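For reference, chains read A, B, C and D in written order, and residue numbers begin at 1 within each chain.
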Amino acid sequence: PPYGDHGLSKELIYRYSRHLLLPDFGIQGQANLLNSSILVVGAGGLGSPVALYLAACGVGRLGIVDNDIVELNNLQRQIIHTEAFIGKHKVESAAAACRAINSTIDVIEHKGALLAVNALDIISKYDVVVDATDNIPTRYMINDGCVLLNKPLVSGAALGLEGQLTIYHYNGGPCYRCLFPTPPPTSACQRCSDSGVLGVVPGIIGCLQALEAIKLASSVGVSLSGRMLLFDALSARIRTVKIRERSLNCDACGENPIFTKKLFRSFDYENFTETPIFDLSCENLMLL
Amino acid sequence: PPYGDHGLSKELIYRYSRHLLLPDFGIQGQANLLNSSILVVGAGGLGSPVALYLAACGVGRLGIVDNDIVELNNLQRQIIHTEAFIGKHKVESAAAACRAINSTIDVIEHKGALLAVNALDIISKYDVVVDATDNIPTRYMINDGCVLLNKPLVSGAALGLEGQLTIYHYNGGPCYRCLFPTPPPTSACQRCSDSGVLGVVPGIIGCLQALEAIKLASSVGVSLSGRMLLFDALSARIRTVKIRERSLNCDACGENPIFTKKLFRSFDYENFTETPIFDLSCENLMLL
Amino acid sequence: MMHLTLEFGGGLELLCESVKSHNVDVVLESVGEKEGKLVMRDLLCWVKTNLIKERPEMFLKGETVRPGVLVLINDCDWELCGTLDAVLEEKDEIAFISTLHGG
Amino acid sequence: MMHLTLEFGGGLELLCESVKSHNVDVVLESVGEKEGKLVMRDLLCWVKTNLIKERPEMFLKGETVRPGVLVLINDCDWELCGTLDAVLEEKDEIAFISTLHGG
């Protein structure tokens, strides 16, 4: 790894000086970050602050996956995009913003959807995965891919005036399927495009995802693995609860997992969750 | 107020549609935001997400005050600035970023320091003030100015791997001087430039400041007044504690306040706190 | 009688007239059998009868909560405390949180 | 003997060898007078003697904490509980937080 000997140039020492001054982070934390790679899945409300803060802090290789185009109604919360990028690919827009903040890191654009057929190839190139997506089939798929490839998954979600955050498949902790072996009924699944979201709520959860990803990548601090953060914006209440342990019966991470890489690639996540990956927007407005 | 009759154009309805869908926010919350004005003091680590999210969400008039120039070592956390703006005024850089996200709001640039001589003129133009500064004399001054002009103050701070957040002088709650009638010894005052800060920590506190400012400006939810949020990044621990009530003996907001507008304008905050407003950086590196 | 705080989040509050926090007194006689203890199984019935105003199928499936709902007893996943058989105590705080998927 | 959890934050942990959380047993005989009760005044002395390893002036000024330090008893500002005269109870959690000014 290029920064293995802490061989930071004068310019990088200056750029990251506020990190280097931290006794609990310091040059080792920064070198770890610069040697790490993080994949952000989704360049929307959550992905915006995640990608910006990961780029700014000096993650060596930052991958961004998204299939969407920037729309005007995204800009109320997706602060990585600007009006000038309306109509362009979110991945291009997000990557341009990251490079404008930090031209010294490697920003990789994965244009197009993360799907079972390509997910393992993409995830395998990174050390840490951040789930900043907006739909349940993709959440199951990312989880299963991370378990198969043994990558920690920083998972955030935001809707309405609430947010949730945890880390899956890390340090012996549970995966997403350990908590949710059965998908919820489709009538319980809302997207921001269905039900609305206060723009800064994914901002807060995304920043917390960036922090947890930075802690994992730099080997600093105690991660949220085994705990889940629950955020309620209206009451400004944040609490951290203890979640269950890894399940030995889990289809993904248990003692007899059903998934192989081959099965994964052909697994029909839309059918499993009875939910489309791509948003049909107004057509599926649901009240709960 | 131009949006008093909820007369949102088709374009604005589309732009803010994710807010309008929220039963607890809706068109009234959005109209309140569009009719409101918020002053962000400081366009640094805290001010970056504050300004971006306030611009994105549709605060009608957004003022930004700062005296600094963008430097390379800011970019590790001050995500509103880009490499292209190094050497330029932070206010110009931040305002350009806000306008790029939302050209439909009014972004006001207050270039130069907020000082006792000009603070009342500037603060009086806004409904809500966000303290995103980095030094203690300015924090006392903003507090006293907000009390004199009866403006709620959303106060955030971040250093190292910790952050703090509360609302002062709102709804009968305490002001900064109620909590801290006497300034701390100068040896206890650190700045990010002295002691370092993990970049995403002010990001998290800044997003939470933006949320509280949005709640105040839109008249939605329960504010943090009377409570303080304490954030510890290393352990991912966030807790909200109950703080004291307004003090009747407070020099700023008590029954016999010492401050008049005239006294305020000539009050020497640097002398009072024995701390310079402007950062002398390396020269005053302190360990605690 | 047992005093409990019940919380609903992640959208489940919409089933209870959008009220997130409920301070309730659950009468022991009306529920529970084994030695007068109140267990989560009893509480789910009580909630369904007394708090859920609409679409109970969004809260329960069979005798337990529907998939996608986390149940927390004093900020701890009920899987760690016995799920349906978890014994409740005075002043316990029980939260029902629907998992979110938005971003 | 009383078991307490003491927390230091906002930089004050640097006075206690950078340890933020301390589970301590405070022996009642060694402190307190009025009817064997432990009050905050006693605890500050105990902390200064037993936990603060350097620069005690960064923690105390006179008989109380220095300006800029928030004291919380079970997540509640000690100004609401009697400050120096607040009576402590078994398993109380007391936090000393230095206010931050950075941004």
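What we mean here is this: a contact is a pair of C-beta atoms (placed from the backbone, for glycine too) under 8 Å apart; a residue touches a chain by one contact, two chains touch by 3 or more.
These figures come from a predicted structure and were not determined experimentally.
A.B. asks: Relative to subunit B, which chain has the most distant C-alpha mean position?
C.D. replies: Here the answer is chain C, farthest from subunit B.
A.B. asks: What's the distance between the Cα centroids of subunit A and subunit B, rounded to whole Å?
C.D. replies: 28
A.B. asks: I'd like to verify one number: the distance from the centre of subunit B to the centre of subunit C, where each centre is the average of its C-alpha atoms, in whole angstrom.
C.D. replies: For subunit B versus subunit C, the centre distance works out to 40 Å.
A.B. asks: Calculate how many whole Å lie between the centre of subunit B and the centre of subunit D, each centre taken as the average of the chain's C-alpha atoms.
C.D. replies: Taking the average C-alpha coordinate of subunit B and of subunit D, the gap between them is 30 Å.
A.B. asks: Among the residues of subunit B, pick out those that touch two or more other chains and give their numbers.
C.D. replies: In subunit B, the residues touching two or more other chains are 160, 192, 195, 197, 235, 239-240.
A.B. asks: For subunit D, which residues are shared contacts with two or more other chains?
C.D. replies: none
A.B. asks: Chain adjacency by touch: line, ring, star, complete or other shape?
C.D. replies: Contact map by chain: line.
A.B. asks: Name the touching chain pairs, please: which are they?
C.D. replies: Pairs flagged as touching, ordered by label: A-B, A-C, B-D.
A.B. asks: Which bits of subunit C are touching subunit A when the two form their complex?
C.D. replies: 9-11, 14-15, 20, 55, 57-58, 66-70, 72, 75-77, 79-80, 95, 97-103
A.B. asks: Please give the residue numbers of subunit B that touch subunit D in the complex, ascending.
C.D. replies: Going through subunit B, the ones touching subunit D are 42, 44-47, 132-136, 139, 156-160, 162-164, 179-185, 187-192, 195, 197, 202, 228, 230, 232, 235, 239-245, 287-288.
A.B. asks: Which part of subunit A faces subunit B closely enough to touch in the complex?
C.D. replies: Touching subunit B from subunit A are residues 11, 14-22, 24-25, 49, 52-53, 56-58, 72-73, 75-79, 81-84, 100-103, 160-161, 192-201, 203-204, 207-208, 210-212, 214-215, 220-224, 227, 229, 233-240.
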